[in-house]
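So, here come the structures, one by one.
Each of the next two complexes has chain A plus one other chain: chain B in the first, chain C in the second.
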Partner chain A sequence: MSTEKASKPSSPARRALKRFAKNRLALFCLAVFLLILVVCLLAPLFTSEDPAELNLGNTKQNPSLAHPMGTDILGRDILARMLYGGRTTFRICFVAMLLSSAFGLFFGLLSGFFGGTLDQMISRANDGLASIPTFLLAIFVEVVTGAGKGNYMYAIALALTPPLIRLTRNLVMSIMGSEYIEAARALGVKNSRIISGHVLRNIAGPVIVQIFSNFSEAILTCTIMGYLGLGVHSPRVEWGTIIKDGFGFILNAPLQIALPCLVVFICVLTLNIVGSGIRDALSEEEE
Partner chain B sequence: MMQKLLEIKDLSIEFSSPKGTARAVNDVSLSIAPGESLGIVGESGSGKSTIAHAVMQLLPKSAKISSGSIFFEGRDLLRMSAADLRSLRGRDISMIFQDPMQCLDPSFTIAYQLVETLQAHEKLSRDEARKASLQMLQRVGIHNAEDIMKRYQHELSGGMRQRVMIAMALLTRPRLLIADEPTTALDVTIQDQILQLLKGYAREAGMSMLFITHSFGVVADVCDRVAVLYGGRLCEYGSCESLFYEARHPYTRGLLEAVPTMERDKALPLHSIDGAPVSVFDPPKGCPFAPRCSRCREDSQLAEKCLGSIPPLKEAAPGHSFACFIER
Partner chain C sequence: MSRYFLKRIILLLPTLLAILLAVFMLLNVTSPARFSGFGIYSSGYAEGSTDLLDRVFESTQAEPGLFNKYLRYCYNLLIHGEFGASDSIFGISQEIFFRLGISLILAGFGFLISLLIGIPLGVTAAIKNGDAADRIISMGTLVAASIPSYTLAVLTMVIFTVQLRWLPLLGLSSWKSYVMPIMVIAAAGIAMTVKMTRSAVLEVLGKQYITVLHAKGISERDIIFRHILKNSFVTIASTLNNLAAQLLCGTLIAENFFAFPGIGQLVFRSVSQGQPYVLLGTVAVLSVLLMSFNIFFDFVCALISPQIRMEYSHKGRK
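Right after this comes the complex of A and B.
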């Protein structure tokens, strides 16, 4: 009893945060990613160049002080294009992640909590959704809604949703048998309250990890779509289109494609390391 | 006759499973008067927990109430709307569970869960609900209640968690408390404290209890009346006194003989009932206990009768009934 009095109450979330703070690699990666994110979001503060301004007398330059990442075939500053392009890419990925999380959580919770016929219907529809090829869907969306506006983000959102629904449903089902859910019911707590409180809080860990990895997956898919020509049209840019522009000169100006690819690589890698850091911090709880 | 608080009439419950239909409860009738405590005794699989869950209307989806009715203060629980049931649960009928390790949510503080339960039934501000929760924690014997409120489930001992669970169940001053083996997971000294606590509170507040247990010791301590269940059927039902001193059903006698006492000859092995419990998938045609009954084994004529038909409940004395063909 004396030790109980001496110690401070500690919530599972706080303990996980403490463990995460001890993971140096994950912290470093988080810092790197946040740096890229902030620099992109505040692009005008970090570059005075216009990402769309042509300079035909100054094309395919190697990195220099004036143009830290060089210039492309039309003489545009690649750093400025990467920063402004990052804005677009992050916006697209963020919307995709948000939409997929909302749908995934909503249907996953419904399916897992109520089970039975509703679960069967949602799960089968979800299987159907998962079987649609993302790129086909993206092309379809672009054709229907008009190309080059970045609307393929809805296709990415749709592609990220099924695994999240499945994960949420399985997690909810695994805790539905818990005595604390039964106890809450036996004491007359409302279903809505049980879902938004007990259920959501207890599945939060793995779901957060999944949403995190969804974001890095979205960056990759988004870049690939841009590279394949589904990206936003000029004057707007995004990372995928920059890489596509550089691809034509991969032999005589390799840095034009290598540097943007490196940025994407670093983003995805750091995000994945942060994600597994969060997973480790949360899963140690179970021991 | 006095108005019954809870009245279960001819209740039968079936479970559907891949192995077939399991008849977990068969034609069980029980009642509890206001302020009275009823114990349900039986071994694992006898249907005692199923009855408790049926009263709470918290049976799993695979279970079906095939016949019978459950009345609480004259209202039929089986015909109540989901919303009415929800407001009844926790306010009029509360339940505490076997394993206090599992019934508190690991992600929330004790305070959150107590306040949530109270606010589900009464229009109270957070502060008022907190205050009431604090008082209830103190009432169930937690001295450092202020501190406990801020804690999480895993920071408390088993006995402490069960006290918290009891406080949560009693917060809304229910008229009936269903206790599903509340002390099984606790060690003996804590068991006794918890039983005394429940007994004391019930007497003080005039609360009825439905006590599910497999221990006659617990029943003798806490309950006014007791129902013995075997294979989903009622074997014997009556006041604790008449049942303990004048048990009529061979199963009840077997159970009572199996209770260790201080006076018994330690050289002799503890009495046990031969055989294994009945299968719920393939219930016998006659008395479920007949295959294990020592009287049936001695008397083949009797055995034929017992195995062939189900003995009806008969009255041994006013308020004491039993289901056996053997008269004495």
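Right after this comes the complex of A and C.
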């Protein structure tokens, strides 16, 4: 986008951006998600409570002015825990997304660009990786690297990689026969230039959509692992852990689990709506 | 074609051995503190040793190499069907296969319900593309895919156990216990099925022969049932394999929400109670199962699509 000259007002990317800007629902969802993200990242500005501070005289409170989301069984402020927990959750998901994007693009490009035996090897290994359940992968990583450090982000990254490799490979293969690639080859352009200048630019749309949906997928998986007790250990918190802590008191303090669940749901839903908005904006170009 | 599939079935064995090798070695370099009671650490397993354990590791004392242990494990697994030892009163293989049956019931029903509800919804959404019906279904799918599974599990518990008192909360006591886990598994499955069916049907809808059929004046019903559905089923069938794998993963997780005695709970317990052979055995069984799914669904695709059949018979000859 930034490499386009100002004299060319309607590049495909800019037209897609314009279409996206017309999608009010997607814009609203993007705003909501960014709000949650920023509030979590700037946690100390929005809460003065310590997420790990116990207050046994003040447990299982309903939401009030002092504790907008109530307090948990040990009297800890849930809002503070959600804000600081959000930092951990977003960090885990972000690392997982970055790693899976890097691996996915790299192996997908290799596989699609060079084809042949390399493609066969990468594709078979990829099929194998895709057939391991995420849950098993996460447990395994936790056992091998030590529990409670949030290392399951590597498992999430591994689980998110296969679809991206497959997508990148298929996209690259579909454009490998195009005239512009052949022309570049005939002109003696180096492979690295062809990849960066032609291939990457032409597969960017669907790949961006996939990476986006990977992030919401990562949030779901990450909180599920936390809920199952595979999350980070105290004093650090993570959204899934907070929800698990609330489960025991679902009958006498339902808000303790309902509010955190709602936050996770809103995050994932807004991300998914933004993702489908981007997909619509990009796919109209092709028609 | 049969040659191609036979080749893939035979290839299952070396793949399994490779997976086992990786998992076995990784579990062995793991510090015992992280996996307390991990049988391979000699001092640990001498105390809790059972007959089976001794039999499995009889000769490992004579040839202490890690690779020899691995060979011995594979030998016992493939020849005697023994997965090593556990603290359970059942053997590991009994326990794994008993629990696998329960998990497969959950996943199987989830799969069926996903297809029965998801495919009609997806077809409707695609045919009414852009209409209110499509928008409602697509939005509903987006919402369903965004609800974390534990939230859904907690919601079903509150509604069906606490409020209505219809279903038992945790564990497996009667057929009623299956209902809530299946709901949670199917919800994710339906969302996935609708999404893939919709795009598969939309792809066929854009083809020129559909326009030709319309121009020839064929009735809308005939076009939908005889041409669109028939042709989109191939694409749908090719994604079923992914759906089955995802649902099995969802089952492993949902079992832990409902304390359901399936294989997912066994995996979790094997770690928290330090039973490495249970973990190793589950990995072996699950990977064989998932790879068999892969082959099975590819076979189904080949059965319904002559095009794919041609491709496979070509590959088989090579």
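Criterion: the second predicted complex is superposed on the first by the 278 of 287 C-alpha atoms of A that agree within 3 Å, B and C clash if a C-alpha of one lies under 4 Å from a C-alpha of the other, contacts with A are read in each partner's own complex, and residues count from 1 in each chain.
Here is the rule we use: a contact is a pair of C-beta atoms (placed from the backbone, for glycine too) under 8 Å apart; a residue touches a chain by one contact, two chains touch by 3 or more.
Every value quoted in this text rests on a predicted model; they were computed, and no experiment measured them.
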item	value
Clash or fit (per the criteria above) of chain B with chain C on chain A	fit
Which superposed partner A:L136 touches (first chain B, second chain C, both, neither)	second
Vertex chain A angle, Cα centres of chain C and chain B, expressed to the nearest 10 degrees	90
Touched partner set for A:T88, first chain B, second chain C, both or neither	neither
Contacts of A:K190 with chain B and chain C, given as first, second, both or neither	first
Comparing the two partners chain B and chain C, which touches a greater set of residues in chain A	C
Contacts of A:H198 with chain B and chain C, given as first, second, both or neither	first
Touched partner set for A:S111, first chain B, second chain C, both or neither	neither
Overlay on chain A, chain C to chain B nearest C-alpha distance, Å	7
Touch list for chain A against partner chain B, complex	1, 4-5, 7, 9-13, 115-116, 178-180, 182-190, 193, 197-198, 201-202, 204
Complex contact set, residues of chain C against chain A	15, 19, 23, 26-27, 29-31, 34-35, 138, 142-143, 145-151, 154, 157-158, 162, 242, 245, 248-249, 252-253, 256-257, 264, 267-268, 271, 279, 282-283, 286-287, 290-291, 293-294
In the complex, chain A residues that touch chain C	127-128, 130-136, 139-140, 142-144, 146-147, 216, 220, 223-224, 227-228, 240, 243, 247, 250-251, 254, 257, 261, 264-265, 268-269, 272-273, 276
Touching residues (chain side chain B, partner chain A) in the complex	56, 58, 61, 86-91, 94-95, 97, 99, 102-109, 113, 116-117, 120-121, 144, 147, 150-152, 155-156, 165, 168-169, 172
